[in-house]
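Structures incoming, each one as structure tokens.
Two complexes come next, and they have one chain in common, chain A, joined by chain B in the first and chain C in the second.
What follows is the complex of A and B.
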């Protein structure tokens, strides 16, 4: 039993930061809050930490109501996007600071800090001050501070966002291992869908102060229950377009249509919205079970081994992600294949069509 | 790397050289010129070597104004720096009151120095000034034109009123630059207000405070206009600070040699103290 939010809301002045939210995070594995900037990730974390009081509702931790209990009296550690360390303490003292506050003996401090700094590869830098460290090392120090405390609740608020690519990958691999055996409930906020997928665990997608979906990360990715959840959990952004169901065909336009898959056979005729992840729209000739689109290139960018290309198809922009490096010039006409068997159908209200 | 000499490069340097020559080097050299010679009318000069420097350094009068100056600057720093930090800490961080506070703080800085002196002169007059009447009304015998203690406290109070704002604004800027996450982290660690100040705010304000102390040191060490208007250096010589004394020697007595020697000594003291202070404060800031 980890942390539970029961009908929690947060209002500041006339503005609602968090609409009524029920959420229960488990002890094992990572709990991920996925959402764009200003979606309410940080506010939720502050509510969980006890840095802020909910406007209504209750916060429960390990089976106890902790709603009014201030953060100092809880066992909480937090790591931020900015590298937060005490500026005039060296690395050792920084890591030791939470232990000093709670009055741990200096012998035990030495032993615990030593163990953690070994784990985080900080041992050679213990005498340095934070501003003599690289960004990665500064964040490791902040992580060490969170770890050494043995807090029951660890909140990681986009801890990798300010690191460069290599360091981010490295730390992302280490993070789940670091917290694996601590017995802590770990909540991790990120704005990057890929990061959520790599960390696994469970994900809650957040949009404008509401949790739109919560469950095992891969399940949410595979079966978003609303258009909004799908949009939050897609990078590059998911393509959406209105389609019309007429009898046994879906029509994107008059000419572009495909037969309704068996699982949607009972669906009533009318307007729907399809969601197509960019990697289900690829460059190249369509095979039999795919739908062919003709488009002109608007933007072409290459990200590693993937080519991300924005196309204009009859006045509508689509983003495709194809494997391999494809060189296109703006204005080229290209044939695309749309994998309709992998796309999502949503009602116009945004709900996923049960299929 | 091979460097090819390029005589044209001098063309880029010349404007700066000319500017610096006219605004610093030539005036400074004029002073050096006076300081080593006896000057008579009709541009007649006699070489005197180090005589004026020795005379100034040995003179009782210089020692007294120097000590007065040290005492004044010391008091200014001891009062204005902590007071400035305290006010900055008490100011709101956000909301409509921020701009109100900032404007109120900036006001004294906008007033010309001689006006400040004149204002305080009238404000503190024991017979018609608001402050003077009030203090006397409280039963304290106060007259800054006649009593050294009153003159000193008025001068110090005036400078505190005029310049604490500068320290406040600099400290406030330093405080505003601290990300909110630091305070949260401290809260989670269970740090109290004093610990937050000691371990987060003060270290984070170190740079701006260095600037504040340096500026307040230099300004108060060279103070002239305000005490000149307020007390004219009196009563007697009790508020005759270095620059007031210097002007008396140079323009009152027209002793150009000793005045020039004193200017150079004065200049070197300011330079030396600033350099020592800056080096000490910035030690360990390398990397």
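What follows is the complex of A and C.
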């Protein structure tokens, strides 16, 4: 059993940062907090670390109530988005710092720091001061300091957000390996859905101070419980549009409609909201089981091998993501196919329709 | 146009340095020469003025007194300002901004306002004519200044640094002394420099609160003009020596001060 939040809330002044939250993170694998800026990721982490006290509720760690225990007495390490290192210490002393404080013998310090800096490729820089390092190396130093103390709880607050693309990919691959055998509970906050998917483990989606869903990452991605969870976990943003169910057909407009899939056969008639991930809406002629949309191009972007096209269908904007490079000019009319078998149906309240 | 660029700089330096050169010039002349003739450099070069200052206790004690209370004041100001600035930079509390501003308004009051009450109060406490009296009086102006400068430097250090240290197991004081103070060393240097300079040049309070035992050099310098007629050469030598400590201190903090300017706190 890793870290548990029991009915935790956090208010600062009149503002509520975290609404009542129950969450328990496991020991093995990555636990991901996914949400946009200001969704409460950092606050949640600070509550777990003990840097802030919850306004109400309890924080339990490995079966013990740790709510009021000062951070110094907990076994927690944290890595921030900004590269935080002690500017007056060299890299070696930076990594050794938690060991020095806890009174580990200098021989053991040397050995443990040596091992970690080998792992993180910092050995050539041990004598340098942190501000003589590149951003990637600075963040490695911070990671090394978090690793060297063998903390039972490791909190990574968007550690890769300030790194450039290449370094980010490199470190993202290494991270799960680094923490694999440490036996630590690892919590990782990110605002990028793709990052969550790549890291795997379990994900909690956060929206405006509430945890909307929690479970294995791929499961959350495949089956969001609410429209909000689906929106948090989609990049480019998920398409939503009102649909109406009449008898055995869903109507997007009068002309665009499709027959109700078997699993929704018992659904009562009425208004619903459809959620379509951009890659289920592709450029090209629709096959039999797909729905055809005709739109006008508003924005066309090409991201390597993917084309992201924003287009307009009868006043409603949609985002599509298609394989391959498709060149379009603004104003071009384009035919798209909507894979209705892969889309989500939500009640107007936002709940996923059980199917 | 380009060929005359040097001219502006040269004129600037010339006008800036002229009074200082003149002071230096006079300090190597006899008073008679200063009063009698106009000369661009000493005709009758003499070290007598300096010799007198460095051997006569009524003179050199002035320097010792000044340095003593200035150092005491700088140490007190910076020591007291450090925790205050930390609180202002790290915590939000009721009226924090007003308190910060109020503290700074002390700096705006003219010292003359405080001369009389301070004289009375310090006399009543038996502190009149002591170094500590002047050092404490200058705190009124220097602590707000030091808090202001240090708060700027501290706020430029992310609070995540503090948290990382706590997570690493540091207690507050261990973190503060071993990590935080070295991190803002530049700010401490700048704050100390400004406290030093203010206290060094401040005359009114220093003169009011002392008579003999803690008499500052600036007060001694004014004596020369009254008792033994005009001893201008001696006065010039004393002036020259007064510039030296400031120049000495500014040499050490010259790089930090640029940092202070960048933070808008100098």
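The definition used in the following text is that the second predicted complex is superposed on the first by the 355 of 355 C-alpha atoms of A that agree within 3 Å, B and C clash if a C-alpha of one lies under 4 Å from a C-alpha of the other, contacts with A are read in each partner's own complex, and residues count from 1 in each chain.
The rule is simple: contacts are C-beta pairs under 8 Å (C-beta built on N, C-alpha and C of every residue); 3 or more make two chains touch, one makes a residue touch a chain.
Please read these numbers as outputs of a predicted model, since none were measured by experiment.
Asks: Looking at the overlay on chain A, is there a clash between chain B and chain C, or do the two fit?
Replies: Result for chain B and chain C: clash.
Asks: A:257 contacts which: chain B (first), chain C (second), both, neither?
Replies: Neither partner.
Asks: Let me test your reading of the model: by the given contact rule, A:312 touches which partner, first (chain B), second (chain C), both or neither?
Replies: Neither partner.
Asks: Does chain B (first) or chain C (second) touch A:131, or do both, or does neither?
Replies: first
Asks: Of all the chain A residues, which ones make contact with chain B and with chain C?
Replies: 49, 51, 71-72, 76-78, 80, 82, 84, 86-89, 97-98, 101-102
Asks: Under the stated contact criterion, what part of chain A meets chain B in this complex?
Replies: Counting only chain A, the residues touching chain B are 46, 49, 51, 71-72, 76-78, 80-82, 84, 86-89, 97-98, 101-102, 129, 131-132.
Asks: Enumerate the contact residues on chain B facing chain A in the complex.
Replies: 179, 181-182, 184-185, 187-191, 199-200, 203-204, 284, 287
Asks: Chain C touches which residues of chain A in the complex?
Replies: That would be residues 49, 51, 70-72, 76-78, 80, 82, 84, 86-89, 97-98, 101-102, 142, 145, 149 of chain A.
Asks: Could you pull out which chain C residues touch chain A in their complex?
Replies: Residues of chain C touching chain A: 158, 160-161, 163-171, 174, 179, 182-183, 185.
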